[in-house]
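The following pair of complexes shares a single chain, chain A, combined with chain B in the former and chain C in the latter.
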Partner chain A sequence: MSMFPIATTGTIPVSTFGQVFFSGIPQTFTHLQLRVYGRTTSAVANSQTAGLQLSGSTSYDGHGVGGNGTAVFATRQGFFNAWFDQPYIPGASSTANVFGIQIIDILDYTNTNKNKVIRGLGGYDANGSGVVSINSGFSINTAAVTTITVNVSGAFFAAGSRVDLYGISTSNPTGA
Partner chain B sequence: MPIIPISGSAVSRGAMIPLGSYTFPNSTLTGMGFGNIPQGYQDLMIVANYGFTANVAPAYIINAGGQTHSITSFSGDGVSVATQRLTNYPYGLISQQSVIQTTAQQMSQSIMHVMSYASTTTFKSILHTNSFGRVNSGTVDIAASLIQTLSPITSISLSTADGSKFFQASTTVTLYGVRSVGQ
Partner chain C sequence: MSVFLQPIYTQTVGAGGAASITFNNIPQGFTDLKIVVSGKTGFANDSYILRFNNDTTNDYSWTRVYGTGSGATSDRTTNVNYIIGPSITTGANPASTFGNAEFYISSYAGGNFKQVFANGVSEANTTAAYQMLNSGIWNDTSPITSLTLSSFYSSTFAQYSTFTLYGLSNVYDTRVPLAPTLGTVTDLAGFFSVAFTPAANDGADTYWGYSPAAITSPTYGATSPIVVGPFESQFNYNATNWVAAVNSLGVTPSATVSSGNVTSNNYASIATVTNSSAGGFNALFTNIPQYYTHLQIRLIGRASSASAGAPVYIQMNGDTGNNYSWHYMIGNGSSVTAGGLSPYGDIEGMGMVISGNLANAQCVYLIDIADYTNLNKMKALKATGGYDLNGSGYVNVTDGIYNNYAPITTLNVQAYAGFTQYSHIALYGIG
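Take a look at the complex of A and B:
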């Protein structure tokens, strides 16, 4: 199994983008992995989720378990939620220079016979606050994944954030 | 909203580049390290399959030390779940779970994603997943840790919290660079 870089935002230079959109995703890999190093400008709460949409689908169900250093929690999104909720990243009120991590796996994304399962690991620590969680869910849509949207609701990605998309192949690596 | 172009040429090269690997030849070593880490990748990934000859908290040290480390974790042991936090610590913990003394055949596994390790403008965030598989006493956890430094990461060493316990023979530690498009 080998991983290949497909696309990247690069380091987002300014806090003016609320969404990142990958299109024309090659249909030649077995799985996809999204790696987010992010922070939002939202002042609503210390920790923020980021939403994920596959091929524009607006029907997701998801659930997660995690801890914030003080209490453990289990969450469940409403059925037919418009976005898949990824693990938390820090908001504007969190310690400066702290960014969160989201590693999202989307399995068998080209298959047109089944809904797409999503699994996310992520969180952040800010030396006295923070949260980690494991989230999973699925897109209630059997279409192949050709586009991915990552959204921070009501806010922007903070400057310094980054989103990278990778393809995971079951064939032998061809280089590097 | 930025529209991200797909880089056709980039997908022909693998993303995970092995930078170094070490296998402990015996049970007399207290640690190992990687130095002169290349700065040309997006992230680092550390994969460790390890055990100790005594009960111990596994630790890592970035660069020469002197930074402030902290960690938040969520774990389960088959009976209950827990969450823990450690702040203002002199070195990083691979996991907040102690590794119980095991035989060389009973290893633990940790995968650590060190994001944007070459950045000079952000603190360093690490995502850990750990599993300690033992009969009737295993645990699994996920953790996020922070190193409050703006300096790029140029070296990483793995040791024990008190630096006096020994790794089991056949412990393996591998460091990968994770390449992004254009790297």
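Take a look at the complex of A and C:
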């Protein structure tokens, strides 16, 4: 198997965590994948408040395209944002027990010849509402990624959320 | 071994570029194929194109939806000789920036037409950038034994572009894994780095590093060593069963480490810079581990500068902007003075022995950076030190702050005109 768990929050038991921080990321994989099952306590229904930072860098651009069941939308963050905006997850006003999914891929994260380009797929359906999108992010930094921070601005991850970080190899360590 | 996502082959483009990337002799034992690409070409707004089994006839169709930041578009083309993939580059196509994309090819070895799903982005800090979802079909019932990726605009893939082909399978573990053998255990001040050797054909999907004495849940790793902890410092621990081979059927811990008991100390050396040759130098510490609680710099040395009061100055995370402030208080044996600057491009205030002072005299500083990984705290620095020149000298207390919440991953410790020969700057992690 080439996809390995690096770290996980487990199921977050209480709504008191505004950030998840993964440090000491091994430099032995080729790619990273962050998988979020989340909901926030934000009052905003489509809560695009789960932001991402790589190695503490605070300068990102980002774009997204998606649909909400009736229309498509395209967005741009603009230059030098402190966080990369991930796909939408539900907020406190969304239907109870509805959580969103985000799959975030960071390719070649140790390659110092490459700025870090982030690809995020995500969405949720709330039985009458919802959203789906693909998002891109850009960090003007060729340094290897050693830490990842997932942030909920002005709110917390709702209880029941979880954030998992995986490493993806391009070789098989056991030769199987 | 459980095979869910099996790497088949990786190709990395070398100097000079590559017009296309082909995977031949694709194994037929998987359920699906996946391609992960970190790619770049020399043509603006380029996209991947995909063909199978060297088929260049008009046997393909595709559909896509994409956004540019200001609008969204969907289009379709039928009866063409390729499937279009995600965008690779933007109009700006800046240096060191590569697209991020993946392709899924379901039931590639079956007897139906072959479906492709792909998604990708070409982000580049520009007004317009592409996010794209693609679907496509190859109207052929042959098993896919080779595939070729190339540029829509017939450009070349740039150096450092990587293409990895994976096989996906629904084969599961059939036995519990075999235990690894533990090797050397290295103290990391509150953590231990544990080396291990996997057993041959152990069937492990991953490895856990854990200990009943540690406070947290297991850490994961694909390769040796694994960092285990945290532990209370100044205690002895028996490194028994600290690494386990893991798959979906079980966890098999290792035996006791051959080196026996280990002690977690308060301090661990991260790196030391000493210049044994003449000439000024500075100390740059990069990739600072993130598992300690505090950092401490121990410095003994002198500056090459002849300017009176030339200080040590420190920058964090490569930030050279005016994002620091600092104050100092010094006593010279007869009076006390104080000062400071804000905002400033570094933290200074720690005066050094300079060129022209008493020969071979050195200044000494202990510099502490507390809670350096905490995202809720600006990074505060405290230094104590000074020097005596047999008749003159200083004792110094300096504090400084870096107006940033980011964890400290890099420290640049510098002296005006550089540190002299034999100066010694050591970085420690404190548990």
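Criterion: the second predicted complex is superposed on the first by the 166 of 176 C-alpha atoms of A that agree within 3 Å, B and C clash if a C-alpha of one lies under 4 Å from a C-alpha of the other, contacts with A are read in each partner's own complex, and residues count from 1 in each chain.
Methods note: contacts are C-beta pairs under 8 Å (C-beta built on N, C-alpha and C of every residue); 3 or more make two chains touch, one makes a residue touch a chain.
All figures in this text were calculated on a predicted structure; none of them were measured in a lab.
Placing chain B and chain C on a common chain A by superposition gives a clash between them. When the shared chain is aligned, chain B and chain C each come close enough to touch A:V65. With both structures placed on the common chain, the touch criterion links A:G24 to chain B and to chain C.
Within the superposed three-chain model, A:I6 lies in touch with chain B and with chain C [touch as defined at top].
Contacts of A:S55 after superposition: chain C is touched, whereas chain B is not reached. Residue contacts after overlaying the shared chain place A:V117 against chain C, while chain B stays out of touching range.
Shared-chain residue A:G137: touches chain C; no touch with chain B.
After overlaying the two complexes on the shared chain, residue contacts for A:L107 are found with chain C alone; chain B is out of touch.
With the shared chain A as the reference for superposition, chain B clashes with chain C in the stretch 199-207, and the other listed options (145-153, 181-189 or 199-207) are free of clashes.
Looking at chain A, you'll find residues 2-7, 19, 21, 23-24, 26, 28, 65-66, 72, 121, 134, 167, 173-176 touch chain B in one structure and chain C in the other. Residue ranges on chain C touching chain A, taken from their complex, read 1-7, 10, 36-38, 65-72, 94, 96-102, 119-127, 129-133, 160, 162, 164, 166, 198, 201-206, 217, 219-223, 227, 287, 289-291, 317, 373, 375, 404-407, 409.
Interface residues of chain B facing chain A in the complex, by the touch rule stated above, are 1-7, 10-17, 42-43, 68, 70-75, 81-85, 87-88, 113, 115-116, 119, 121-123, 125-127, 129, 142-146, 148, 150, 178-183.
Across the interface of their complex, chain C is touched by residues 1-7, 10, 19, 21, 23-24, 26, 28-31, 53, 55-58, 61-66, 72-76, 79, 105-108, 111, 113-115, 117-119, 121, 134-138, 140, 142, 144, 146-147, 149, 167-176 of chain A.
Those residues of chain A whose C-beta lies close enough to touch chain B in the complex are 2-9, 12, 17-26, 28, 35, 37, 65-72, 95, 97-101, 103, 121-128, 130-134, 160, 162-167, 173-176.
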